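Below you'll find the structures, each written out as structure tokens.
Shared between the two complexes below is chain A, which pairs with chain B and chain C, respectively.
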Partner chain A sequence: MTPASETAPLGGFPAPEKKTLPRDSAHETVLCVKDLKVYFPVKKGIFKKTVGHVKAVDGVSFDLFKGRTLGLVGESGCGKTTVAKALVKLVPAHQGQVICKGRDLLTAPAPELRKLRKNIQMIFQDPFSSLDPKMTVGNIIGEAVKFHRPGEDVKKRVQDCMEITGLRREYDKRYPHEFSGGQRQRIGIARALATEPAIVIADEPVSALDVSVQARVLNLMKSLQQRLNIAYLFITHDLSVVKHISHDIAVMYLGSIVEIFNSRDLKSGTVHPYTRALISSIPLAMPGQKRNRIELTGEIPSPMDAPPGCGFQTRCPYKITRCETHRPLLERVKSRHTVACHRWKEIKFS
Partner chain B sequence: MSQDPLLEIKNLETVFFTDDGVIKGCDGVSLKVNPGETLAVVGESGSGKSVTAMSILNLIPDPPGKITNGEILFQGQNLVGLGKEEMRKIRGNHIAMIFQEPMTSLNPAMTVGAQIAESVMLHHNPDKKAALEKAQEMLHLVGIPAPARRLKEYPHQMSGGMRQRVMIAIALACSPSLLIADEPTSALDVTIQSQILKLMKKLQEKMDMAVLLITHDMGVVAETADKVAVMYCGSIVEYGPGHDIFFNAKHPYLMGLKESVLSIDDTVDELPVIKGNIPDPLHLPPGCRFEPRCPRAMEICKRKRPQPVYFNSEHHACCWLHGGDHDTSV
Partner chain C sequence: MSYYFGFMHRFSSNWKIFIQNPLGKAGLALLSLFALMAVASFGLHLLGPMYDPMTGVDPVVSRSVGPSTSHWLGTDFIGRDILCQLLEGAKIAFIVGLASAFISIIIGTVVGMVSGYAGGIVDILLMRLADMVMVLPSLVILLIIAALFGQLNIWMIVFLIAILRWPAVARVIRSQTLSLKQRPFIEASRVAGASDIRIIFKHIMPNVLPLAFLYMTFRVTSAILVEASLSFLGFGDPGQISWGMMLQWVWSSGHMFQAPYWLLPPGICISLLTLSFYMVGRAMDEVLDPRLRREGQ
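Presenting the complex of A and B:
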């Protein structure tokens, strides 16, 4: 259907846009998340009475921009994955808006939602369990193409996607078990790209891979972004990975975003005590050298009985009484940098 | 080195007999652990790190696995071919192990107190009450608050970090002289990881215990290891004190591995990568196993397996780049 010209060397993929966007100012918003809340009811007794809620995501707002990556970091249980799942409605959201192309995904009726969904695709964490072992790679990648792009040459589209992710075109008849971990993650990426999405949500796409393979998958994701102008929401617990791939970084703790900043500021520009502690606990790959470690005691509290006020107060070395009663809201630090902390102006990190 | 090593592995070969052929999980591994010291074994998945650890404790499932060659000398005693009963006296008592997954390696149907007390009762004192007291003491030692109450809890009532602390408590309850830790912090978050590493270090000093640490995280290695062994395809390709490994790496695989480690201090656009994949263990290259991926491969690398070349009394690497006797037939 689409004749392959010199500008689009890889099948149906559009050539990269030539116009240059003004840096750091007007990026086109492709997804806008406003005050997203996901609560899971806790049920007890034979009548399954709701006795409380696990506030997995408690008021999260952010924007995704065309061709840019937002990294979402945090420890296990902080609600990162739940955010991702809520965006594609794999879990029901309690409240909030997810606006894509002027429509709220959370309230859109089913037929419309189905059309909007081809714009948002997901890459999952575990390359071993997220591919159906009984389907060929061609069918795995082609499934969404058949649905969202009827009339298109599925086989060609699948093979184009495989080629762009560095898999051989002939491999589309093979089954997932015939591939290594890194290759399987490429299949997952190819599947996500098949419908030409504007947004790709990647939930820990490299955590299950070895470092050398991890580097290759990250390079691939980065070059695909430049080529296809995709917006990534990149979820990970690994700060060094997120630094490498993201333009902006959002740090989550106990269901809320505590700080959003430009990735250039990661090393020394952050102001939230939790972000600081997180960065300081990354081991340095140099013997004898150590970061100025902010040792956090204790663990993340249960989101079922989250403390009132600031979620981080139970582990924060800078806690004051105000933190126990008032929940801090996101405040502007500077352009593209917001933080939710009562004391960010006073605390001096050495 | 006047000191007698606590553990010495000589030319260990562990093979697996599969339907498709024989796979060498360990192919001539030799290493030493001195009392009180930490040896880190690093490598990618499938490089034979865990097989080496399992071989030491005789935990290789037989069939399909079997130790076909070599010696594992622990305090001078060869563990290879030791009887079941004798091995049981050593395992958990003199050599303890921490497994990777704190979620799956605890028994979900037993209280944590009972799981810690189990090994104490087996190896030291059959009195249950005393063993439970010891368990409580251990929980306190690994920094679990309210140990008396936690003793009666089940693993599912605890978080990942807590469970890993329980694993450490079980492993250390009999004061082993060697602790094998297989990826002890890989499943944990960074803030919890730094707590656990600090705890392990503290307890190691307190109990004068040697640690064999298996990991793929170069950051963890830099922070904890005295010596480092780098494994690739079942053999050690470079071995040496931590300082030499980090600042004076000799083997191209180690150099590549170190480069592909991400750091928040870097600002590279495209990450350097090691090309290719780990070879199929059934069809290993005839010469150096790293040769198909090596950026500096030479003619001889295709034909002959390199022997260790020593740079000082402890630092050695198996690579033709650094010379070695070309006529050595392997």
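Presenting the complex of A and C:
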């Protein structure tokens, strides 16, 4: 496979913007998520009585900015994927707002929602099961084009998308099984880009790939972002990946965001005890290098009956009584850095 | 062009698996034989009016006689050629089997996909309906309908068999749909903005069709048997010769134990044709389900 030249001007796509905005300046908000809650009812008995709710996502708020990447990290089962699925309405949200282009996606009626979907596309985790095995690559990528860009030359558009993702134009007649994992993920990326979305949600897009292929796909995503000015919500459990691609990082724990910070602060600027513990678990590249790993004890509470107060209280070494009763809200630490912890000012990390 | 290659490649590799299976080989050979018989029946009029399976009577024979040079399998009780009737019967068996199987997989596939995809109350209603139809004894229902409305024509029989035999297909397609609708590629097309109808017919249907065709072969078997039974009991289409009807004539004219040359061929044909469809189905099953393949294939 010959990767497409990264600098060649391409038909149908805007040329890369030469003028780069200074960091930390105000970026245009393209997606605003407010207090998103996704509860799954737990049903029991022959009458399917609802006996409780699994609070998979419990009050998540964040903004996505044009041309920027927000990395969403957290351990398995903390609700990362549920957030992604709720944003594209693959799972119904219980409460909250997802505002895109001034419209709330969660309350938009079906015909309008189908139009809004053009702006927000998704890259899936598993490149094998996310492509219909009975469809040609051209049809897979072209499906969304047909809905959202009627009257356009679908074939040309598809081939343009394939080219910028590093696939050969003439591969559009082939079937997914004829491609390798990395190539399939490129197909997935091409599909997500086909409608020229403002926002792309990437749900662990590289975790099913080999490490060598991972880097290439990540670099592809990065260069596409620079060229097309897309906002990414990049979901992963792999902190070394998130460091590489994200401008901002949001850390999730038990269905809510505990800290959002600029990725420059990853090494030493974070203040939440969970973020600290998570970062200390990143393996170091140099052998022999010493690291202070923070070992957490205690159990994660079940999302079905989460305790009142802070979700992290069962494992937090800095817990006080206030943590058991009052749920911490996101507080501003500095520009582009918020944290949900009662004691962030007091805790001194060594 | 490469679409064509992809298709041909898959076809040829599946064909290899199919033909390596002894059941597939034997089934296909038998099936081709019967297909030849059915095709040959279209040439019967070339032999002259004497060999018309329905009306052609040998002017010198007025009772059932055994095989001879002019009648290779003998004649029936009024002097009609048994071989000609057998060939005509093969045509009818194919028509009845394939047509009713085709109709029943169409009904079954649509019901199964809708039921599995929609879920909830639609699923419950459709599946209870399927249960109700499934427990109906097809032959008895057909007999009652035939008794109520007089003689049924062959297309009516085809349609009734199809109407009574879709639930098993619907069940299988539903379960496959349940598994398919959880796959990420369905989610992906929903994110792209596809409607439910489009997802069902563009994404789910191509993925369940191989299974539907597999079940079609089994439906053919049962349709042929039901039609043969109905005809044997004297409720078939009187305007069409079928193997079941030949057996009925053997029995009603009292030749059950006098004319083995007349009794055996239709009986053997019914068994072998249903067997061959069954064997082809089993071999196709192996193509579709790799777990059934033996090591090293």
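Observations on the model:
In this section, the second predicted complex is superposed on the first by the 332 of 350 C-alpha atoms of A that agree within 3 Å, B and C clash if a C-alpha of one lies under 4 Å from a C-alpha of the other, contacts with A are read in each partner's own complex, and residues count from 1 in each chain.
Note that in this section a residue touches a chain if its C-beta (ideal position, glycine included) is under 8 Å from a C-beta of that chain, and two chains touch if they have at least 3 such contacts.
All values derive from a computational prediction rather than experimental measurement.
Considered on the superposed chain A, chain B and chain C are sterically compatible, since they fit side by side. Within the superposed three-chain model, A:267 lies in touch with chain B and out of touch with chain C [touch as defined at top]. In the superposed pair of complexes, A:117 makes contact with chain C only, with no contact to chain B. When the shared chain is aligned, chain B comes close enough to touch A:293, but chain C does not.
In the superposed model, more residues of chain A are touched by B than by the other of chain B and chain C. When the two structures are aligned on the shared chain, A:46 is found in touch with neither chain B nor chain C.
Of the two partner chains, chain B is the only one that A:237 touches; chain C does not reach it.
With chain A used as the common frame, the shortest Cα distance separating chain B from chain C works out to 6 Å. In the complex of the two chains, the chain B residues touching chain A come out as 44-45, 159-162, 189-195, 197-198, 216-223, 225, 242-243, 246, 256-258, 260-266, 268-274, 277.
Those residues of chain C that touch chain A in the shared complex are 1-3, 6, 183-185, 187-195, 202-203, 206-207. Every residue of chain A that touches chain B in the complex is listed here, in rising order: 75-76, 180-182, 210-216, 218-219, 222, 237-241, 243-244, 266-267, 277-279, 281-290, 293, 295-296, 299-300. Note for the complex: chain A touches chain C at residues 85, 88, 90, 114, 117-118, 121-122, 124-126, 129-136, 143-144, 147-148, 170, 173-175, 178, 188, 191, 195.
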